[in-house]
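Beneath this line is the structure, given in structure tokens, with notes to follow.
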Amino acid sequence: MATRLGPNQYGKAETHLVRVYRDGDVHSLRDLTVSVALAGDLDEVHLSGDNTNVLPTDTQKNTVYAFAREAPIGAPEAFALRLARHFVTGPIRRARVEVCEVPWARIAVDGDPHPHAFMQASHEQRTAVAVSEAGVDWVLSGLANLVVLKSTGSEFSGFERDRYTTLAETHDRVLATAVAARWRHVRIDGDWDESYAEARRALIEAFASTHSLSLQQTLHAMGTAVLDVRPEVVEVRLSLPNKHHFVVDLSPFGLSNENEVFHADDRPYGLIEGSVEREGAPPAGPAWDPYPLL
Amino acid sequence: MATRLGPNQYGKAETHLVRVYRDGDVHSLRDLTVSVALAGDLDEVHLSGDNTNVLPTDTQKNTVYAFAREAPIGAPEAFALRLARHFVTGPIRRARVEVCEVPWARIAVDGDPHPHAFMQASHEQRTAVAVSEAGVDWVLSGLANLVVLKSTGSEFSGFERDRYTTLAETHDRVLATAVAARWRHVRIDGDWDESYAEARRALIEAFASTHSLSLQQTLHAMGTAVLDVRPEVVEVRLSLPNKHHFVVDLSPFGLSNENEVFHADDRPYGLIEGSVEREGAPPAGPAWDPYPLL
Amino acid sequence: MATRLGPNQYGKAETHLVRVYRDGDVHSLRDLTVSVALAGDLDEVHLSGDNTNVLPTDTQKNTVYAFAREAPIGAPEAFALRLARHFVTGPIRRARVEVCEVPWARIAVDGDPHPHAFMQASHEQRTAVAVSEAGVDWVLSGLANLVVLKSTGSEFSGFERDRYTTLAETHDRVLATAVAARWRHVRIDGDWDESYAEARRALIEAFASTHSLSLQQTLHAMGTAVLDVRPEVVEVRLSLPNKHHFVVDLSPFGLSNENEVFHADDRPYGLIEGSVEREGAPPAGPAWDPYPLL
Amino acid sequence: MATRLGPNQYGKAETHLVRVYRDGDVHSLRDLTVSVALAGDLDEVHLSGDNTNVLPTDTQKNTVYAFAREAPIGAPEAFALRLARHFVTGPIRRARVEVCEVPWARIAVDGDPHPHAFMQASHEQRTAVAVSEAGVDWVLSGLANLVVLKSTGSEFSGFERDRYTTLAETHDRVLATAVAARWRHVRIDGDWDESYAEARRALIEAFASTHSLSLQQTLHAMGTAVLDVRPEVVEVRLSLPNKHHFVVDLSPFGLSNENEVFHADDRPYGLIEGSVEREGAPPAGPAWDPYPLL
């Protein structure tokens, strides 16, 4: 039987790095989880177990920690990019590095920021992906766990009906989601932090401001808003679980419920996914290749 | 063989309630998960399956939703207490109601707060427990998932050593934990929100301000700080996982690492638990009885 | 303000130990997660940060690993007991050690058991707790994540109704739960593995065989069944989430649904907890003290 | 600014269906979680919120339940395929349906299988994906959460070294992973259950039997083994986290540790992913398109 090796990649996942910077008595803090995936001339390790071309995942972990010491980490995008470029050498032809950062805020004591005490500000994550291959780099920025809700200003009506449809139309519903988004940059020489802050703001404001006729429409508005404000962004992908809030029937208890009391359900949930691209955007190459593969 | 029924309780756990208040166009939002546990004259249901004394857990869920409509929810403590008192009737002699609230913040658009769009501010939880029995009420306030870290100002030395001890003493380490705390009130007629805000502030500031010789010492300082500022609180219990941050050995790479680069480990972790009580505090009764039982 | 230190304990949680035994070419495997909690003369560490009486949690972790090498692990109960007794010395007056074991089975190749390849047989956990204090030992056996379901033979009717009750009575429903159970031994010199196997079998068979009028009744039957078959067991505690399976209304599609198609819901869930004790059982002492404390 | 809608899909995720079949007094049980994703002519819903072409995700959920009643579920692959084909109609051009089944076993009482009491046999999952588009179907079978371990017969040496490499070579290590695998069928008219059972057996036996020089080599052997025994399978993809088991240094305690006592670590972990394809396999079309999109 003739077989061939198909798509493959390997690396160290979820190296959890905490970096403390000491500027005299005043410290600052970074908290990043880094996942590396490498591809290249790896046929032999699969076919015969010859590890000649395999840089150990343990080494990849060491590299993450060493890089965090050798130079300032900078923006997650910059750190991911620096690592990705480093790993592309010899038989390794492509490196994907994903960074996930959680924010910490300085604790205030008697109204003054403490020099070395911090609290985790949120479980929202800032993410970055850099892919390097053949001297070309792709960079995605992103966020996850951004949980948002509109208590009105959302409808769902005029939809397709078939024999299994029982859903009533509504012109006023709660719309809630946990935003996962990534966006692709066409340039890698800008101010990552400013770009991120503005893109994030655009996403959030578009969610809030769009009178929603469907979550797809909101998704499209959110993606378009990022493209509107950030010329260096050429493509936005969003994954929006529709976190259903069901109006509880209180009529058996003689109570009205005009969209006031909701059961927030866990499963099943709608999952609305989509993307908006700028016309004329350069090709995405391997930027969106799935990680993990399955 | 002679056996007897031992401790028992039953109820509906984790009813997830979202309540929208509409003040004209300006909405506000509450997000509470409510767990009920009832005890009383429940021998027959265990022994023979006679459900005469069993108020269905489905009814308890309905009650949570109805109560959220019939009157303002108020503070989590007040809502828990109102529910607990309601359930104690007839054969039900004791009710425990736990409320877990997650905070939402108003989204700002162009700098102005949006009237009906919100984002989840944090995954920190505000908790409340009310236990009612025989006309007496106990109330606990609390919080969970408050993740804090000090990048210096923490030592650990002078400890007991035995033949299995390899740990080096340190006079400068990272101290990080996810605070879970509950505190017991001696009065139930105060301003729950003010009390909560001040107790939380005392916990956080004590964590930040205490030069830590051990996490136990920090725990005690945190509990004492709450008792210092809130006379209505008579007991504070804390559970503090010691989230280990290990200094990475970078010497093989010719790099120093003076508490700058850390590996944040997941497991195992230290678990430091303790409590501080005010002298002369009234008995806690069933307030701290475990829930769940196992 | 006068305060006093209340209940406290500390230790290393969730040390994940895998032990390989090599009997020539044939290996066997144990997979245990161990949590230690110590209490005693620990006032000074809380009050002043004096660690003289504190055996580091790092040492506790080392001890778990070393004990696994110095002698056969034996039953989880025996390993917990050996560790608990070891830690009670000097200022440490009480030790609680919890062991959680997951089972592995030998992989079969061409029908023959492989000498050194294994698969995780289940996510059911066997648990053991040993508490030692002042020369006295308490031992609990237990299990968790035992997910069981009856597709009929379960009713719920004749229950209390109030103004918030809408639930219909039923004489045929699905009953499903994830059993968490612990049981207390009066002797510590028996065959732990045989005792465990028989107690587990009694729990499962009682769940299956009891025509259930309520989950409380099933719980009681399960606990009693253990006491019936194992004289060394004097108390059984069970925590049984009622994992609701709702009959889906298929009538809009012209379909009947006589308990055939169910929606398995996640939350909320009923939580039924209770215990059965043997008359004349010796006191439980600290055996059931909560861990963690909160 | 000119933009265009990019890749998009929507559907109901994680509908949890439990199906009871009653053959007289003897019941059988199926437990499936179904996720649907639809794509097609959905520009308008994104651009203007016109829902004309949108079949509600609520309807998709209803369909899953109704289909489970209208005809026997059959193999997960068959159920996924039946649903996928159903959804492709009018503006919906492509449907992806994923089914995840967990196995239940009959409880034995006094050695006899009980007619209607069951226990969850494992947390291993059998998965199936069907994608239908333009009258063509693709079917993937798979599994997840298959946790396996070899206590010897695994080496890692001869690897690339750079300045960040500190890992020692080893000729005897523990190799452990949680297998996630999917494999693509070239025919859809076979016996799904037999095919699944044999493919699963091939994966497990190959893991056990391969003397491993690297996890990549084991991965390749596992994929090849499936292709060897199942001619209807043309491609196998595997995602294998390297669950590190570190030998604990017991020398400070005067103990040797010849691969006997291990610390099973959680994070970071290696992630080894790859695929094996049969030469001449027909194109995969949309079969491997990522779900979720991000």
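Order of writing sets the chain letters: A, B, C and D. Residues in each chain are counted from 1.
Keep this in mind: contacts are C-beta pairs under 8 Å (C-beta built on N, C-alpha and C of every residue); 3 or more make two chains touch, one makes a residue touch a chain.
Being a predicted model, the structure only gives us computed values, none of them experimental.
Student: Farthest chain from chain A, going by the mean of C-alpha atoms per chain?
Tutor: C
Student: Same or different interface residues for chain A and chain D, judged by whether over half of the residue numbers are used by both?
Tutor: same
Student: Whole-Å distance, chain B centre to chain D centre, using C-alpha means?
Tutor: Taking the mean C-alpha position of each chain, the two centres sit 38 Å apart.
Student: Determine the centre-to-centre distance between chain A and chain D, using the mean Cα coordinates as centres, and give it in whole Å.
Tutor: 23
Student: Between chain A and chain B, what is the gap in Å from one C-alpha centre to the other?
Tutor: Computed from C-alpha means, the inter-chain centre distance equals 30 Å.
Student: Among all residues of chain C, which ones touch two or more of the remaining chains?
Tutor: Chain C, residues with two or more chain partners: 15-16, 62, 66, 164, 166, 252-253, 266-267.
Student: Taking the touch rule as given, give the residues of chain D at its contact with chain B in the complex, in rising order.
Tutor: Residue list for chain D touching chain B: 163-164, 166, 252-253, 266-267.
Student: Which stretch or stretches of chain A touch chain B in the complex?
Tutor: 15-22, 27, 29, 31, 62, 65-66, 68-70, 104, 107, 109-110, 114, 116-123, 146-153, 174, 204-205, 207-209, 245, 248, 250, 252-253, 255-257, 259-266
Student: Sort out for me which residues of chain B touch chain C in the complex.
Tutor: 1-16, 35, 37, 42, 45-59, 61-63, 66, 90-91, 142, 156-162, 164-167, 180-182, 212-217, 219-220, 223-224, 227-228, 235, 237-239, 241-242, 267-280, 290, 292-294
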